[in-house]
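Notes follow once the structure below has been shown.
As written, the chains take the letters A, B, C and D, and residue 1 is the first residue of each chain.
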Amino acid sequence: MLHTDSLIHYTLHLADNALILSQRNSEWCGHGPVLEQDIAITNISLDLLGQARNFYQYAAILIGGTASEDKLAYHRNENEFKNCLLAEQPKGDWAVTILRQFIFSAYQYLLYRQLAKSTDHQLAAIASKAVKEVTYHLRWSSEWVIRLGDGTAESHARMVNAIQDLWMFTGELFLPAPYETEIQNQGIITGVEKLQQEWITTIENTFSEATLALPTDTGWMQTGGKTGRHTEYLGRILAELQYMQRIYPNCEW
Amino acid sequence: MLHTDSLIHYTLHLADNALILSQRNSEWCGHGPVLEQDIAITNISLDLLGQARNFYQYAAILIGGTASEDKLAYHRNENEFKNCLLAEQPKGDWAVTILRQFIFSAYQYLLYRQLAKSTDHQLAAIASKAVKEVTYHLRWSSEWVIRLGDGTAESHARMVNAIQDLWMFTGELFLPAPYETEIQNQGIITGVEKLQQEWITTIENTFSEATLALPTDTGWMQTGGKTGRHTEYLGRILAELQYMQRIYPNCEW
Amino acid sequence: MQIHDLEKVFLDKIEEEIKIEPRDWMPDAYRKNLVRQISQHAHSEIVGMLPEGNWISRAPSLKRKAILIAKVQDEAGHGLYLYSAAETLGTSREETINDLHSGKAKYSSIFNYPTTSWADMGAIGWLVDGAAIINQVMLCRTSYGPYARAMVRICREESFHQRQGFEILLVLSRGTAEQKAMCQDAINRWWWPSLMMFGPRDGESTHSDQSMKWKIKRMSNDELRQKFIDMIAEQVKVLGMTLPDPDLKWNESRQHYDFGEIDWNEFWNVVKGNGPCNKQRIEARKNAWDEGAWVREAAAAYANKKKLKTNNGLEAA
Amino acid sequence: MQIHDLEKVFLDKIEEEIKIEPRDWMPDAYRKNLVRQISQHAHSEIVGMLPEGNWISRAPSLKRKAILIAKVQDEAGHGLYLYSAAETLGTSREETINDLHSGKAKYSSIFNYPTTSWADMGAIGWLVDGAAIINQVMLCRTSYGPYARAMVRICREESFHQRQGFEILLVLSRGTAEQKAMCQDAINRWWWPSLMMFGPRDGESTHSDQSMKWKIKRMSNDELRQKFIDMIAEQVKVLGMTLPDPDLKWNESRQHYDFGEIDWNEFWNVVKGNGPCNKQRIEARKNAWDEGAWVREAAAAYANKKKLKTNNGLEAA
């Protein structure tokens, strides 16, 4: 039973990450800096939403009963959401959005690639489909990191600001939550801390091409999202996201 | 029975106006341009909330059964809200907030003064208490209209913009909704259209001292709020305002 | 060739249903008329993203959210096709966009109405996209090649959107009492504005005659409007809902539906900029554009640097 | 008088519990220490508006909304008293505020934690205001007159706030299972940070010794902290909740509660700026200030015009 509990939590963690970041990116839809990029970021939002749905559907199967993707997305409270804090931060300007996406895609790329080999065939299947999408997200976002870092003085400064804003949320990505450790012990996943070195290399390479520096003082990292302790932003995201389902429960749409 | 229905609608209309404008003004709390004014606008927010509660409580008595101020504020849907569109517009910059408050206070002042003589003693009692508060709101906001209109070139320009943004929502204040006409026919209220002339004089006098011009082309006026047809802003206001009650219905707080 | 010879070649092509292509000679007025119409159409797609975008964050199920995001994204794509079509006539995207922001260029007035309930996503798909399609199907045969070809692609996606919109309403119409009321309310609010989408009555349309001669348009505003009404008046029965027009009824002799008077006062006011959301829409677009300026500049600066490096590399080699 | 005479007068007053007043001579270090402490206290009131302000729009009943708005507004009022007290020492409000925005001046680290549930409004009132009061009651007898008098007013309101906070939790503790969980969760999150509000352990506090000598402070950090723990450990029983410290237990011989080790690593990190919300809080304050610049300029310009008019009027008369 504990086996399944941890697996459910982990699957929800993956789903929440994708859903919340999708929700943030979709705020750009109709408001992008140039039409082609409006389409691109919306596309990433759609891909992430698709990943979220696959994970929620799998979690619903594991939970059984009347669980469903919509029940899981729309009827859990803030402290039940297990997304990383990074996903819920405001979209900010284009530099913040780009940097967050780059950081996240680099992480998701390694994570999904590893997960595609999981002994849990369902997770493996979802991950191997998703890794193709994320490969594109990573390429797109790293190109933009380079373009902005090595663009104008203003765009460079904005990227530096974005790094200052977001860096403290990167530590959490590689800090396993209890449910992660649990299913790692069961051999279902390999463990997220093993990805950190390769991740930092990816970041470093792109930053270097973008003439951007890695923070030297890695400082204190913010954590808690994976276990339901969030920043003030998530509550407002959920108030909107869940609005209709909360007002009209048990309806078909 | 129809008598009561219209009276209920009208009372809710007064309550919704006060609640939604209170909610908008409270967005300034902690974010005002200077501490004294942060306190002042928050104070107006509090007064309006108090008025809203009095009107909701009276409406709840008229409705009877399990109705309560919180049921009425937190469990009606967007198209049941009867506030004027002006109240729900974004707070904008300080010029927009000041102008909206001035327009609204000038209107509320005349309205409550008239309502204080209503044959409905409950409405009359609420209104005569409120008119004292609104007298202060009107003085404060008109002083600010003058200060901004006759301040710097920038503040003047911002006031001109604010007038352009908000003027089209002023017509609705003086256009009676069916329920208003109904209780006017029953002699409960005197009728809002009779206030327009005095209102425009108030506006004109302050504008003139503020070196601001009244719009010459009064143009097409936006309407619908009083009968539940709102702008896109109200839905988002309610998503936040009603969040807790919608998630946890039937709880005490 | 003399101008009048060129003009004859042009008119012969029109007559023989041969598409006019970007490099062909065309009368200035034809070009101008097309640029106006295509860019207005492009702007409608772009501004049209906003009212629907308003519900992305609040879509009531993940599936509906995905469908809605994809739909709004399609509209961005349509905007791209159309800006490209306008560019073939020698107008840059930047010019076109500036005309939108300055108020010189128009977009469909329908997008100046607010979306205040989820059912509006259905009503827009069914009625607004439905009206658009009637117009666009005709434009698939328009005389200017790039515009006609853009329209073929767009029409395909639009009819998909219309079906999705209808399906949103169908689910609501079979739902709870509240959902049914939401559905009817949305139809009530969107019906008349969608009739206005076909533009003024034939007698009062400024550009219509010339457009018909040049086969830019092939049916009049009133003809298209009637076609739309006849279609919707049947489809609404499937929903078990009503259209908010007491005068709407089948006319056996005309073999068309009769319908009530449109509020042309409202129509002209919204066109003039007095709609509920005109300011809001244009400001949202301007903000996006202005706040994106540094991004576009950075991209341009980087592209330049790249080019220089490549050139230097070539010289050094 | 010579400096050492002045100093003697000053120290005698302190000794005899006579308040130091703005025009009295005082050592530079005393002045500096006070300015630092009072402005830090003022900033805490102002920054402290933000975490609670975060729930005004979502308060779960109209009554709670009114109470919350009034409370946050009171904090603004406390900020005003304190800025005024700092001004009596020759530091303008603008300077004080600039020091906050530049990061030179600190504010209570507690406000760098996020408010993520309604129960946090209760926990802040009960624990955070509770801790503040322990400190402030002592400060009502502080040696500098204007500060002591501001504190008397503030204390009266703060204990009202603390009761309101406790009452929020009391209602939750008697509510549904979800409400109880919400209550316990908030206590768990706010307990340790509120203990940190008393500052570092006595041995590690930079300013404490001198402050005690000058009777700016009258009890040490550890004494105040113990007093708070003893109070809360009793009150939590009324709520039927627990404090998240397995080592917390009554020590009969000390006649105090023993408690577990505070995470000083976290404490110093949050002080250094690495708390969950440090950036967010300072940015919110800076934005409010920067976006209000044109308002303050307009008010000043208008006041000037008025003055000129009045002067001209007087001259003409």
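Note that a residue touches a chain if its C-beta (ideal position, glycine included) is under 8 Å from a C-beta of that chain, and two chains touch if they have at least 3 such contacts.
These numbers were taken from a predicted model, which means no experiment stands behind them.
Provide the labels of all chains in contact with chain A and in contact with chain C.
Of all the chains present, those in contact with both chain A and chain C are B.
Is the C-beta contact count larger for A-D or for B-D?
It is B-D, judged by the count of C-beta pairs in contact.
For chain B versus chain C, what separation do you get between their C-alpha means, in angstrom?
Their C-alpha centroids are separated by 37 Å.
Round to the nearest whole Å and give the separation of the Cα centres of chain A and chain B.
42
Would you give the residues of chain C that are in contact with at least 2 other chains, written as numbers and ranges?
58, 178
Return the residues of chain A touching two or more other chains; collapse runs of consecutive numbers into ranges.
77, 239-240, 243, in rising order.
Touch graph across the chains, line, ring, star, complete or other?
Per interface graph, the chains form some other shape.
What's the complete list of touching chain pairs for this entry?
Listed in label order, the chain pairs in contact are A-B, A-C, A-D, B-C, B-D.
Using the touch definition from the top, list the residues of chain D that touch chain A in their complex.
Of all residues in chain D, those touching chain A are 51, 54, 58, 114-117, 178, 185, 189, 269, 272, 274, 276-277, 279-280.
Hey, which residues of chain C end up touching chain A in the complex?
Of all residues in chain C, those touching chain A are 46, 49-50, 53, 56-66, 69-70, 72-73, 76-77, 79-80, 83, 118, 168, 171, 174-176, 178-179, 284, 287-289, 291-299, 301-302, 305.
Which residues, counting only chain A, touch chain D once they are in their complex?
77-79, 164-165, 168, 219-220, 222, 224, 229-232, 234-235, 239
Give the list of chain A residues in touch with chain B in this complex.
77, 236, 239-240, 242-243, 246-247
For the complex, which residues does chain B have touching chain D?
Listed in rising order, the residues are 19, 23, 26-27, 29-39, 42-43, 45-46, 49-50, 52-53, 56, 69-70, 73-74, 93-94, 146-148, 150-152, 154-155, 158, 240-241, 243-245, 248, 251-253.
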